[in-house]
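Please go over the structures that come below.
Heads up, the next two complexes both have chain A, just with different partners, chain B and then chain C.
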Partner chain A sequence: MEEPLLKLEKVNVSYRDVQVLHGIDLEVYSSEIVTVIGPNGAGKSTLLNSIIGFEAPNDGSVIFNGKVITGIPPEDTVKLGMTIVPEGARVFTEMTVLDNLKMGSYIKTSRAYRKESLELVFNFFPRLHERMKQKGGTLSGGERQMLAIGRALMSRPSLLLLDEPSLGLAPLLVTKVFETIVEISATGLTVLLVEQNVHYSLEISKRAYVLENGKIVNHGLSKDLMGNEYIKKSYLAI
Partner chain B sequence: MDTVLAQAIINGLLLGGVYAAYSAGFSLIFGVMGVVNLAHGELIMLGAFTSYWLFAYFNLDPYLSAPVAMGLLFLFGYVVQKYIINRVIGQPHIMSYILTFGLHLMVANIAIKMWTQDFRSITTSYSGANAAIWGLNIPYARLVTFIVALFVTWGLWFFLMRTETGRAIRATAQDKEVARLMGVDIRNIYAITFGLGAAITGLSGSVMSPFVIISPEMGLEYTIIAFCVVVLGGMGYMPGALVGGLVLGVAQSLAATYLNAGVSVAITFIILFVMLIIRPRGLLGKGSVA
Partner chain C sequence: MNYRIDRIILILFLMFTGAVAFVPYLVQSEYQLRVVTVVVLWVGIAGCWNMMSGYTGYIDFGPVVYFGIGSYVVAIAMTKYSVPFFPSLFLSGCISAFVAFLVGIPTLRLRGAYFAIATFAFAEAMKQITLEFDRTFNVSFFQGSDGITLPISNYENSFFFYCILPVTFLVVFTHYFIEHSKFGYALKAIKEAESAAEISGVNTTANKLVAYVMSAFFLGLFGAIEAYWITYITPSDVFNVQKTVQMVIMTLLGGMGTFLGPVVGATFLTLISETLGAQFVEYYLIMIGAIIIVAILIMPSGIIGGLKIRKKLRFI
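For the complex of A and B:
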């Protein structure tokens, strides 16, 4: 079997004395969409932070593309080919849409492809092209999420991490965001998605992990988990 | 318009230009890092002394030594930020006040040790020269400083808006965590920003050297004025320093002409006081670097 693009081995993360993640094992293979579901406060964002480099695991290892990247800070992990759409989009509100996107290709390797990347992003999100000269802060919630995704794509990553992309969006926009993730994945990009919207994320993903109280309590093919009684009862409210 | 009023306004604008020239760097450093640099005046002092010594030993004109001052101050600022101020970034504001106040004391006192407390000045052929237009006096050296202020404001704006590093500086000022996600080494950006702020401040010290008194203890006074100018114009907003400087300069000049010279200093603080009550973000301030 091929090597996973991203692999977490027994990752423990603590904030001061409180352990947030307990022995996380997780694998993401090239070109799949993998989702991590779980309730608020389960440690989903911490999980992504420990991969991207904001939190250094105190134990265990993070392996990306065959290279151990445990504890490498975010300004360096992006250079290795992974990028994140942070929770709440966090676009640069005082910068134009175009400048936001250009920031996405700040690293030297992606700066060389800036023009092509911009075309690619504008293809995905024609709306961003229309609003190119507007400040990030003037965009609607849905547009900001598009901008944050576009900005992430500008670095030409091989792995895209998404932290609650549907949070706070109107239902119609939620559908749109998930459709976009599928489209992006179809271009060959690998996606690790952290979501509270369990229904949609199981629908678009191939495999899923269930994170509760900092532990992986279940994992498997998304379509199997959708049929799982426990998942149905606790997350899908069926 | 009568000549006295016109002259007062011209004096005010030229004075304001001087204020703007040496305040822009203060605004930049605050806007990006949230550091109120209490050693700001020392950067002016170092710029002025660079020109003074090059004039004293090599008879080099201050306008020709200005680029040297810029270069030296950039290096100084870069190193100070990288190895000293970066240690308190992210700590409560009071830490950076204490640290930069300590820097102020250290730099000023080392300068006294090296150069004594003597007052010095550079007397060039144009030091006291005026252009007379329609019966109004325009001192050349101040006019040059005014033009430098315009150029610095424009240059800084251009750099921030149009260059890769400038964009990274703005991104860091707005959201340093997300800037890191974009691959920005924010500690290096901070060092570059402080270097840049120090360079333009050193430049101002250099171009002011033909008409100000140069001494190791000159700094503090300038720090206070720069603070007022930047609060008035809007902290962190580049054209704010220019507008703040001009408003303050004209107000002081009018007060000195029609009231008396003593009142003109008080006017500064009255304006600052009123501003903080009615519009704390400043005339043009938006609360972020742009």
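For the complex of A and C:
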């Protein structure tokens, strides 16, 4: 069988004395969209943070592209070809949209492709092209999310981590963001998505993990999970 | 388009520096020369603070420590080891930079107020060390509160003016380099959203460290030159927290994180305190306080900062 692009083995993460993640096993294969769903405070963001390197797992290992990357800081994991769209977008508010995007291609390997990457991003988000010279802080919530995704794409990642991209967006924009994720994934990019919007994320993803109280309680094909009675009851409110 | 304006401003700045270089031939009195020298000195010192805190947003409340270290290195090298001035000067910069490197590694991991507190504490600690070291170990090295008298030189004020001007020029030119480099983008990214900078691949600690060490190097040079100029230093003088406050206020007045901010702020503040100080000996500090308050109220982002926003200039 094919090797997974990203593999987590028995990952434990604690904040001081409080253990947040308990023995997480997770696999993401090349070119698929995988989603992690779960309620507030389940540890979804912590999971992504421990992959990108904001948090160092106390135990277990994170393997990316066959390389153990456990505890490597974000500025180095980015160089290996993964990046994250952080929760709440975190754009550089005092920089122009263009400069924000350029910051995305800060690392050497992606600088060479800056022009093509910019074209690609403007193709996905024509709105960003219109607002190129505006400051990041003047954008609306949806545009900021686009900018954060665009910035992430500028680093030419093979794996894109998305932390709650639909957070705080109007329903129409939520649809737009999810459509874009599908489009991006169609270019061959692998996506690991963390979402509270279970309905949409199960719809666009191939496989899903259910994270509750820091443990993976269920996983499988998204379409199977959508039919699962427990998921229906607790997350989809059907 | 903005790049062209940037270029013009740079050329104007170079011409201005060239013109300033002739000041010693134009002044009518030694007093005027001293004032101009002090202005140039403070432009440089405020610039050092701006280089670190203005761009990264990490508020350093102890930059004076590197000024003081520079003063002490030059004093000890010249008096105890009879090293000539220029090698001592260079040594001052290097030792300041080296200390900044050692201090920066742990403290630059602190964020927000913790960094400010740590740097402030370090500056105060250094003052105490130089004060008490000799008494504690029963040696004569820092000479505690007696201070050190440097060898009196035959140099005139213009010599010190020409020592300070190139260093200040280098400081301001470093700002130009920062504004136009990847390094500058990294610093600004750190200021705005440090975690987002990290996920863009910026090694935040290394970049902050470079800015911190550079600023310490120049501060060490300024400290050394001033020590040789004044010829007498004491710990409470060269490590005086007031120097830090002045750097901060000058930069805030001019505009934090801008190229010309410290230049304008330091010139403005030094000149008004000189003119007001000469005329209203008793009240001038109150007046300066009021002027600062009014200036900050009218222009919260500083003189240059406000101009930058209004005129949509990228760089000045």
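Everything below uses one rule, namely that the second predicted complex is superposed on the first by the 238 of 238 C-alpha atoms of A that agree within 3 Å, B and C clash if a C-alpha of one lies under 4 Å from a C-alpha of the other, contacts with A are read in each partner's own complex, and residues count from 1 in each chain.
The working rule: contacts are C-beta pairs under 8 Å (C-beta built on N, C-alpha and C of every residue); 3 or more make two chains touch, one makes a residue touch a chain.
The structure presented is a predicted model; accordingly, all values stated were derived computationally and were not measured.
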Once the two structures are overlaid on chain A, check if chain B and chain C clash or fit side by side. clash
After superposition on the shared chain, which partner residues are touched by A:75: those of chain B (first), chain C (second), both, or neither? both
Which partner chains sit in contact with A:95 here, chain B, chain C, both or neither? Use first/second/both/neither. both
Output check: A:106 vs chain B and chain C. Expected answer is one of first, second, both, neither. What do you get? both
In the superposed arrangement, does A:86 touch chain B (first), chain C (second), both or neither? both
Quick one: classify A:210 as touching chain B (first), chain C (second), both or neither. neither
Mind working out whether A:54 is in touch with chain B, chain C, both or neither, as first, second, both or neither? both
Of all the chain A residues, which ones make contact with chain B and with chain C? 52, 54, 73-75, 78-79, 83-84, 86, 90, 92-95, 99, 102-104, 106-107, 151, 155
Chain B contact footprint on chain A (complex, rising order): 52, 54, 73-76, 78-79, 83-84, 86, 90, 92-95, 99, 102-104, 106-107, 111, 151, 155
What residues of chain C sit close enough to touch chain A in their complex? 182, 185-186, 188-189, 191-193, 195-204
For chain A, which residues are in contact with chain C within the complex? 52, 54, 73-75, 78-79, 83-84, 86, 90-95, 99, 102-104, 106-107, 151-152, 155
Once bound in the complex, which stretches of chain B touch chain A? 164, 167-168, 170-171, 174-175, 177-186, 286, 288-290
